[in-house]
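These are the structures in question, set out in turn.
In what comes next, chain A is part of two complexes: it sits with chain B in the first one and with chain C in the second one.
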Partner chain A sequence: MIAMRRALFSVGIRPHLRWRELGLLTIVALTLVVGWASLQSFRSGQLEMGEASLLFTYLLAIFVIHTAFVITGRRMDEILFPTAAMLAGISLLLMERLPQDLVTQQILGRELGLADVQLAWTLLGFTVLAATAILVRSDGWLRRYKYTWAALGIGLLLLVFVFGEVTGGARLTLVIGPISGQPSELLKVILVVFLAGYLAENRSLLSSASTRVGPFRLPPLPYLLPMLALWGLALAIVIVQRDLGAALLYFLVFLGLLYVATRRASYVVLGLLLFLAGSAVLYLAFPHVQDRVDIWLNPFTDPQGAGYQVIRALYAYGRGGVLGTGLGAGLPQVGSVPSIPAIHTDFIFAALAEEMGMLGALGVLGLYVLIAQRGFRIAATAADDFRALLATGLTLVIVVQAAIIAGGNLRVVPLTGITLPFVSYGGSSLLVNGAVIGLLLALSDRGVEPPPPDQRTSMSSRIGRRARRAGGRLEEALS
Partner chain B sequence: MTQQPGRRDPWRRFRARLRGSFRPRAVATAPVPALRPSAIQVAPPRIAGSLMRLALAVAIAYGALAAGLGYWQVLEANKLSSDPLNPLVLVAARQAPRGTIYDRNGNVLARNVGTEDDRQRSYPYLAAAPVVGYRSDIFGAAGLERTYDAQLTGLVTLRPGDELLRKFRDQPYNPSDLYTSLDIDLQQAAFDLLGDQRGAVVAIEPTTGRVLALASNPTYNPNRVVDPDAGRDYVAALREREDSPLLNRATQGLYVPGSVFKIVTAVAGLGSAAIGPETTYENQPEEYDTGFLVDGFRVRDSRRGVQTDHPLNFYEATEVSSNIWYAHAGLDIGADNLVAWASRFGFGDRIPFELATSPSQVNGGDGPLAGFQDRVELANAAYGQAEVLVTPLQMALVASTIANDGLMMKPKLVDELRASDGSVTRLDAQGWSQVIDPGRAQAVGNAMQLAVEGPFGSEFAGAAKVPGVPTAGKSGTAQLGGEAAPHSWFIGYAPADAPLIAIAVIVEGGGAGAQRAVPMAGRLMSNYLGVAR
Partner chain C sequence: MDVFSLSLWGLRILFVVLIYAFFFFVARALWRDLRAGVAGAGRPLARLFVIEAKEGRPEPGTSIPLDAVNSLGRDVNNSIVLDDSFVSADHALLTFRGRAWYVEDRGSTNGTWLNGQKVGALLPLGYGDEVQIGQVRLRLERERGNE
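Then we have the complex of A and B:
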């Protein structure tokens, strides 16, 4: 033991025990074991764990990651990882419980069902999480090349037009050879990196007013142009690709970051007005947007057609009640027909609320609130503006996304298809959200490399400055 | 151009960090760029402050989600779980034996037949169809079978908190038997009397609002609807028929009421004090010959030879059913009062009831006079013509309210639910609204008694009299315009001094009230009160 410690010390690694994380992970493990036992016992009618290799593989993985954190000695937040582990664990219970043939994949000659595939993606996602958290020791690679990242992300999104696969009327999935994924998931992180870098650099200018338009004080146009252009491009692409959930997410995260950077309520008001105007245009221009809104307002006008999915979800809430039916005792399918289409992706929250009840669903919402609290705390104690804004943005990405889909499930807002982070089935989502939590963990480490004293000599910011100058001349010419 | 001197200086940055996280690095001394002459560069706000407000926004959003959960999983949960389209209801219907439905004397109105694998509903009394409805795997449910579907299958009991504990029970389903207030003998008698005439009968116990009979003719055979083999053809044929046997005329049929509506006008007049029991109209006797001219329209009384020698008061006008007197009264009462008092009876809204109801109306609703087009429409509506449309249930409630001293009870069919676990839920009688004070209600009641038993009234409505029992009521002959035969109406109650039954009878195209509806009502009330005729 001491020898090992000495060996680690000799290569510059100082293990640091994480008691709080260990305790929380133990609670997570016990909860999941009880949940698994409850599910298997309901199925067989007697108290048993059944075939539990799936669960124990997962539990082993989260404790291995914890050990890795301890050995590498990083002084990171100890609550975020158990929270994510709880959400992903609940997801595995739900996937195990749902009909396994919702998703099947042939891997190495074995046919894997829904729960197995989800476990594989969860393990990959957590590997990304752990790798990001342990290996990222500097943020220069993020802040220096923000335009490059943004260009890459948008390029990836554009590739969907060429290699895209249409599912459910929306062109979301990029398929190149054997690899497929949803670039809009990745782009959300890239956009946050870009916005954080841009806003951190121009914060003081953006928060000092200059132009007055009616009751609104606007910052000088040239300083907004590069940011608005890139963000608008991303927004336009996802709207054209009919990924309304991603569009809403980008918009809200942008607004949140803009507010945190400038503390200007007028930007938020202006943004919301633009949002209303934009929504009105979308509503008038696209029939599928109209359908979404009509279904939201009156699902019962066509209960067997357009309103079917939403109404079936409402039934699930009714069946669940306060305490829920219990795992396995709900009604995710009648005969062989799933009772809610897309129950394992867009409507996982309804499945959860049915079997775990209002209390269980409130608990899951509470986990996202916990992520928000930790993330904002990391932002508030960050070493500089870029890190603060990056942490804020990463937190918002998860928290706002969860709110958008849960709100859509609950008919609080119109339904837009997007995943419930860590809970919905889906590989892209698990990988990207793993990276998001991993980055947040890395940012929370007080021992991380201090921010660079200056950043404006980089190629990308020179380009940005030129763009701003061009914009400035444009404004001069206009005025 | 955006560079500030302070940013280049590592020492300043270090000191700034010592002072506390991210205080301004931008300094106000930067040269003002030429293109923004108004801009004064100030320190950006601290991030921590705006973070707090962002956190507040997130908290509010999640609060809204929690409220949404509470709304669907607590407030709306029962409604959602008993929706017939809910797959849970279909699954439970296959797995659990359904509750039995009884009438007030313990006669079985609906029960299960067949084996456990092939369970089916059976309805021994065809006459109960408009009330009990049916439960079919193909067509869903109707009537009480629909309203109490969740309780009959045992998904939901009406006891608070029961759902909370369902997951801890061995047997997830707890089907309830329904005990209704329906009197199947009275119901059968109503169908027998209607025979092959289209129409409806509603009988209510005035002091409780319990529905004793609710007949709608023609009706359908629920046993054939639920037949898994022949059901589809049968229902298709029913839908084709032009006499709409699937329509529940008693609760959803909208009819011109004619003179039975005068009771509503009387309540509006006495209640608003626009008229009194002694109100007379000077010109009314001579208008008996000429007609009462309202803005170019002549209101006429069809019956001759009675009461032309002096102006009629309220009692006399009601006994002889004078349209002219009521047209005068209607104009005195005014559009606002008539609409307001009718709405106290439930006009304008669906009556809350265990079967689907249609809203009754006093006028077309789009005119300038509280919905009336003009004074002509108001005058005609006052005696039940123009755009007045009512359901038989609504008119039975009017009679029942007068019988119960102006207190309208909520109409109800089910008295008790007995769940298979032995628990009993009673659905008690509920007062709905005090439409008019007891004294004035009795004045209207006295007029209705005269309309059945008085020397002139008995000419029209005497056949409704229950022998030896004081009887009150009002007949009606609803003109439909053109050559169409009028609807024959009667509403009333007995015994007048201590009412046990209130009734509304309509026979479509049955002619004058006296011809069809009045004697039917007399027979039914006599049957119910056990008086031989």
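Then we have the complex of A and C:
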């Protein structure tokens, strides 16, 4: 043991035990095993685990990642990863439970069903998570090239605007050869990186000045311009892409970051007013926005058509009750048709609430609250403004997205088609959310290299120095 | 109700209970962190017990609470004022760095002594060690309750 430690030390690796994470992962494993047993027992009518290689592959993977964290000696947050592992594990249980032919893929001659594909994506997403957490040792590459990131994001968005394929009424999916993905997932991270860099840079410079338009005091231009730009961007996404969820997410995350950066509630109010104005115009001008709102307010006017999905979800909550029907005992399909369209993606929360009941659904929402607590704590203890804003933004991206889609499922806000992070089926979503948690973990590590002091000198000081030098020479010549 | 449906019901409930157990353990971990933070704040790191002071100030037998950085000397701007004619205005510095206490002399006239040895550069000191400054003898003591 000691010899092994010495060997590791000699190559610069100092293992650091993470008891808290190990304990929490054990509870996660126990929970998932019990859930799996409950599902398989219900199916077969006797107490048994059934064919559980899927579950054990997943459990093996999370403990391997834990070991990787221990061996590399990273002193990161020990609660975030078990929380994500719990969410993704519950997702696997639900995917195993849903009809497997919702998604099929041929890989190496084998036909993979919904749960297998989701497992593959989850493992890939967690690989991204672990790689980001372990390998990111400096944030310079994020903070220095913020305009490059922004350009990349805009480029990605334009690609989708032009070449995107329409799925479910929204232009979301980009297909490049055999690979298809939803760039809006990646775009949210790029947006956060850019905004964190931009706000951190402009925060100290112009926090007091304000723009005056007649009797109104508006935020200073460095805040006002991105606010208007993002507002325009959100409107464009709604109009061109018909992706209400992404637009709402981007704008809310921006307002959250703006508030954290400036501590001015008035900016948020102004942003919300802009949002209301934009929503009103969109509602009046575009039928697809009108549909969404009408379905939200009166789903029962067209129960077999537009309101079908929402009404089915409401029935599902009713069947679930407080304790739920139990995994496998719900009613996700009528014949071979899923009772709620898009139950594995947009309406996964309804499936979850039906089979795990109100308590289970609240538990899952609580997991997002945990992510919020850890994320904001990482932000609060961050070394500087950029890191604090980055951590805040990354946390908001996950939490706000969960709130929007869970709210949509519960008919609290109009339904928009985005994923429930880590739980919904979907490759892009899992990969990107893995990267988000990985980055948060890296930011929570005290060992991550502090940013180098800004070497660039401003134009005015350079001119000043040249002038002084010239003056010095002149004086020498004269004397 | 037969055994099977009863145990299935048990499994269902256990599944949800375990999710909440996860919260319980997280909450306990957070609560412990918080308690450790609260308990650590506002309590002195250690104490200096006054063994002897020839001129009576500070009073022998009392103990002085210590912060992470303590300056000792005759000047009133020191965090610990030693009113003794053999003590320089800015005499010594007693600091807690990481896990250990250190004492250093600040160019005093009569020097600082650690366990009878003259303090030149920065010297580490442990609990129970004796520091002499002028005619004042002090002993570093553990704050009761800190590990």
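Here is the rule we use: the second predicted complex is superposed on the first by the 424 of 479 C-alpha atoms of A that agree within 3 Å, B and C clash if a C-alpha of one lies under 4 Å from a C-alpha of the other, contacts with A are read in each partner's own complex, and residues count from 1 in each chain.
Definition applied: a residue touches a chain if its C-beta (ideal position, glycine included) is under 8 Å from a C-beta of that chain, and two chains touch if they have at least 3 such contacts.
Since the model is a prediction, treat every value here as computed from it, not as a measurement.
Asker: Tell me which partner A:357 touches in the superposition: chain B (first), chain C (second), both or neither.
Answerer: both
Asker: Identify the partner contact of A:79: answer first if only chain B is touched, second if only chain C is, both if each is, neither if none is.
Answerer: So A:79 only meets chain C here.
Asker: After superposition on the shared chain, which partner residues are touched by A:24: those of chain B (first), chain C (second), both, or neither?
Answerer: So A:24 only meets chain C here.
Asker: Quick one: is A:38 in contact with chain B, with chain C, with both, or with neither? Answer first, second, both or neither.
Answerer: It touches chain C, and chain B stays clear.
Asker: If you stack the two complexes on chain A, which partner ends up touching A:104: first (chain B), second (chain C), both, or neither?
Answerer: Neither chain B nor chain C is touched by A:104.
Asker: So, A:298: does it touch chain B (first), chain C (second), both, or neither?
Answerer: neither
Asker: A:324 in the overlay: touching chain B, chain C, both, or neither? Say first, second, both or neither.
Answerer: Both: A:324 reaches chain B and chain C.
Asker: Tell me which touches more residues of chain A here: chain C or chain B.
Answerer: So, of the two partners, B touches more residues of chain A.
Asker: Answer with first, second, both or neither: which of chain B and chain C does A:46 touch in the superposed model?
Answerer: Only chain C is touched by A:46; chain B is not.
Asker: So which positions on chain A get touched by both chain B and chain C?
Answerer: Chain A residues touching both partners: 323-324, 326, 357, 373.
Asker: Can you name the residues of chain A that touch chain B in the complex?
Answerer: Chain A residues touching chain B: 201-210, 220, 222-223, 256, 259-263, 303-304, 311-312, 314-315, 317-326, 329, 331, 334, 339, 353, 357-358, 361-362, 365, 368-369, 372-373, 376, 379-385, 388-389, 392, 396, 399-400, 403, 406-407, 410-412, 453-454, 456, 465, 469, 472, 475-476.
Asker: Taking the complex as given, what residues does chain C use to touch chain A?
Answerer: My answer: residues 4, 7-9, 11-16, 18-23, 25-26, 29-30.
Asker: What part of chain A is in contact with chain C in the complex they form?
Answerer: Its residues touching chain C are 20, 23-24, 27-28, 30-31, 34-35, 37-38, 41-42, 45-47, 78-79, 82-83, 86, 90, 323-324, 326-327, 356-357, 359-360, 363-364, 366-367, 370, 373.
Asker: Tell me, which parts of chain B touch chain A in their complex?
Answerer: Its residues touching chain A are 1-4, 7-8, 10, 13, 17, 21-22, 24-26, 35-36, 38-45, 47-51, 53-55, 57-59, 61-62, 64-66, 68-70, 72-74, 76-81, 83, 85-88, 90-91, 163-164, 166-167, 172.
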